[in-house]
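Paired with chain B in one complex and with chain C in the other, chain A is shared by the two complexes that follow.
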Partner chain A sequence: MIKLIKMPKLSANMESGLLVTLRKQNGDDVQKGDVLFEVETEKVVSEIESEEDGKLVKLYFREGDNVKVDEIIAEIEIAE
Partner chain B sequence: MGRKLPDWLKVNYNKEAVDEVSHLMADLKLNTVCKEANCPNLGECFKKKTATFMILGSVCTRNCRFCNVSNGHAAEVDPEEPINLALAVKTLGLKHVVITSVTRDDLADGGAAHFASTIEAVRKYNPDTTIEVLIPDLEGVHEHLDIVINANPNVINHNIETVKYLYADVRPQADYERSLHVLKYVKEKAPDIITKTGIMVGLGETDEQVYEVMDDCLKVNCDIFTIGQYLRPSENHIELKEYVTPEKFEEYKKVGQEKGFKYIASGPLVRSSYKAEEASGVFNKEK
Partner chain C sequence: MKYIESISDDVYFNLALEEYIFNSLKDDTYFMLWKNENSIVMGKHQNAYEEINIKAIEQNNIKVARRNTGGGTVFHDRGNLNYSVITDYDKNTFIDYDKFIIPVINALNSIGVKAEKRRTSDIAIDGKKISGSAQTIKGNRALHHGTLLFSADLTMLHDLLKTTEGKIESKSVKSVRSIVTNIREHLIDTTINIDEFQKMFADAMFSDDIEKYEISQEQIESVNELVENKYSKWEWSFGASPDFYFEKESAVNGNAIKVKLNVKKGIVTECNIQGINLTCGELEENIIGSRYSYIDTVNKLKEYSSLKGILNINYEELADCFF
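Up next, the complex of A and B:
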């Protein structure tokens, strides 16, 4: 099963975030709790954790891209 | 848009943990200052299942230029809020709870009686939980402060927020001397209650001005002092002048300890209620 990883709304005012670092790349194994990427918003840089075990199979953005809330950043194939 | 924040302003975010605490608060019709003030530590604190409750609604009657909490016409006081908050403390299993509020200059007692009811409810349902209240200045009125003092929380915190010289710009509806007086009065009236205050830095203050605030707070026998980086919530808020380095925060901490605070927390992401349990724990060990 594929899980779509979207840009989270990190604060009530947030409309978009800067994808500063991709900590996982295409093909990387991912465990629950691993940091997938870092997002800079108005106040801080947030390390976004994976909620699933699996494999990252697709990335929709590159480092430095500005991503709107709820836009899909990545796909994770969830381990059965 | 390029990267603009320094490396040391990095926090963790776990959606599952944030959603869990957020849903509990929504179910019990409770507000947290974590969410309303867009606190950078929300992810870390909610992951540890801790939060700072904000009572008396989510709309403030003042409009401080650093704060993300909405201002305007404040809501009716919810009489069920004290018990709901006490139940949330129980559900989360908190050993130490921090309760703050919006400023309610529209209420006759500034919300003091509601603070007292909340303290009493928390104690009734959670007798082993230590209670810290982070109060507005209650306009410095002794009778109103007495209501909170008589409810006997373990810690009374009132934030001085910034150096004296920046009050007109940062807290135009507050008064530096009045805030100091609040801390002084609480300590004189109830020496056993731990007093606490804190400031934000990065608003253009000098080291000497920071040390002057420390001296002024020590003169009124304040026990705990916190220092954190001001982070601008939006372009409509007061301008951030600089990102203070972790080394400078360490220097502030060292100076504060040497000056005589019993506990001082100083760091870029320190907020007045961040790791409050650890701060108040120092005093429990002394007892």
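Up next, the complex of A and C:
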């Protein structure tokens, strides 16, 4: 099963966030609680953690990209 | 809530102490007050070379630090009081600045400072900024910190921040410049010093029975390790800058000189110099692979044999073409 990881809405006024650091790359194994990436918005750096075990199979953006709220950033293939 | 007064005025130590509390002390809310000797503090994802005047920083030996929170670049000196709040964060709620800023504004008001909220995360007097703040969130903990300009050297602040006629392209987080003012100028008694202000502010923030948390020797050692392995390292303060492209056209003794650089992790990876009536290949090769530093550039120019025969050569003026 594929889980889509989207840009979270971190504040009431947030329209987009800066994808500042990618901690996981395409093909990397991820575990629940691992930090996938860091997002910055309104002077807040927020670490986005994986909610499941699996493998990152697709990445739609690069470091430094501005991503709209709810846009898909990555796909994780969930471990069976 | 527990109150911590930092034992140091070293920017690297204080940022490391803050990170230590954030990662290791999760049982309570911690409130910390701290001041730094002259230093520049950048947001986590900023490009040092885009934000600061490298020449002035290197020539005056100013410490440059990168913090863990977002936002822009600030200058700290002993006239600037910093506060940090480290507390629980509920992932299902939105980012909130007010719950941290409003108590600070109330405390300032109670000691006669006519401070008010400005924009999302600033505090101002008559529209001029006295405080900026930023945050980081990790799991179920949040760190909020802010500056309070009390009697800071505002000229120095201005001189150490970047000004270039060159062009810099990167995907970094950019600073937003604001008109600032010192709190002291707006007090009835302008003879109060920063230490007295710190005490007044702390008294206004807390009741008498707040628990003061003393840092142990063992904790200091952990903090010092973090200073050594992270905060004081060039690889963190400069090397963590996003990659960028630099281009500048200058005139030296009537000769147009154009410099183009690509810099990755603080290291020059591509260098192109046009306009000096000499072959620049040797110089370009000498610069590629080294740190993007003003003093190093001056030294490399001095080593460059083809320039040695030119009378009245001003190496600093030539180095300015690279920044």
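Throughout what follows, the second predicted complex is superposed on the first by the 80 of 80 C-alpha atoms of A that agree within 3 Å, B and C clash if a C-alpha of one lies under 4 Å from a C-alpha of the other, contacts with A are read in each partner's own complex, and residues count from 1 in each chain.
The criterion applied here is as follows: contacts are C-beta pairs under 8 Å (C-beta built on N, C-alpha and C of every residue); 3 or more make two chains touch, one makes a residue touch a chain.
No experiment lies behind these values; they were computed from the predicted model shown.
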item	value
Joint occupancy of chain A by chain B and chain C, clash or fit	clash
First (chain B), second (chain C), both or neither touched by A:E51	first
Chain B versus chain C as contact partner of A:N26, first or second or both or neither	neither
On chain A, positions contacted by chain B and by chain C	10-13, 18, 20, 38, 40, 42-47, 49, 64
Residues of chain C that touch chain A when the two form their complex	43-45, 68-72, 94-97, 120-121, 133-139, 170-173, 242
Touching residues (chain side chain A, partner chain B) in the complex	8, 10-13, 18, 20, 33, 35, 38, 40, 42-49, 51, 64, 66
Complex contact set, residues of chain B against chain A	1-5, 7, 9-16, 35-36, 38, 40, 43, 68, 231-234, 269
For the chain A and chain C complex, residues of the former touching the latter	9-14, 18, 20-21, 38, 40-47, 49, 63-65
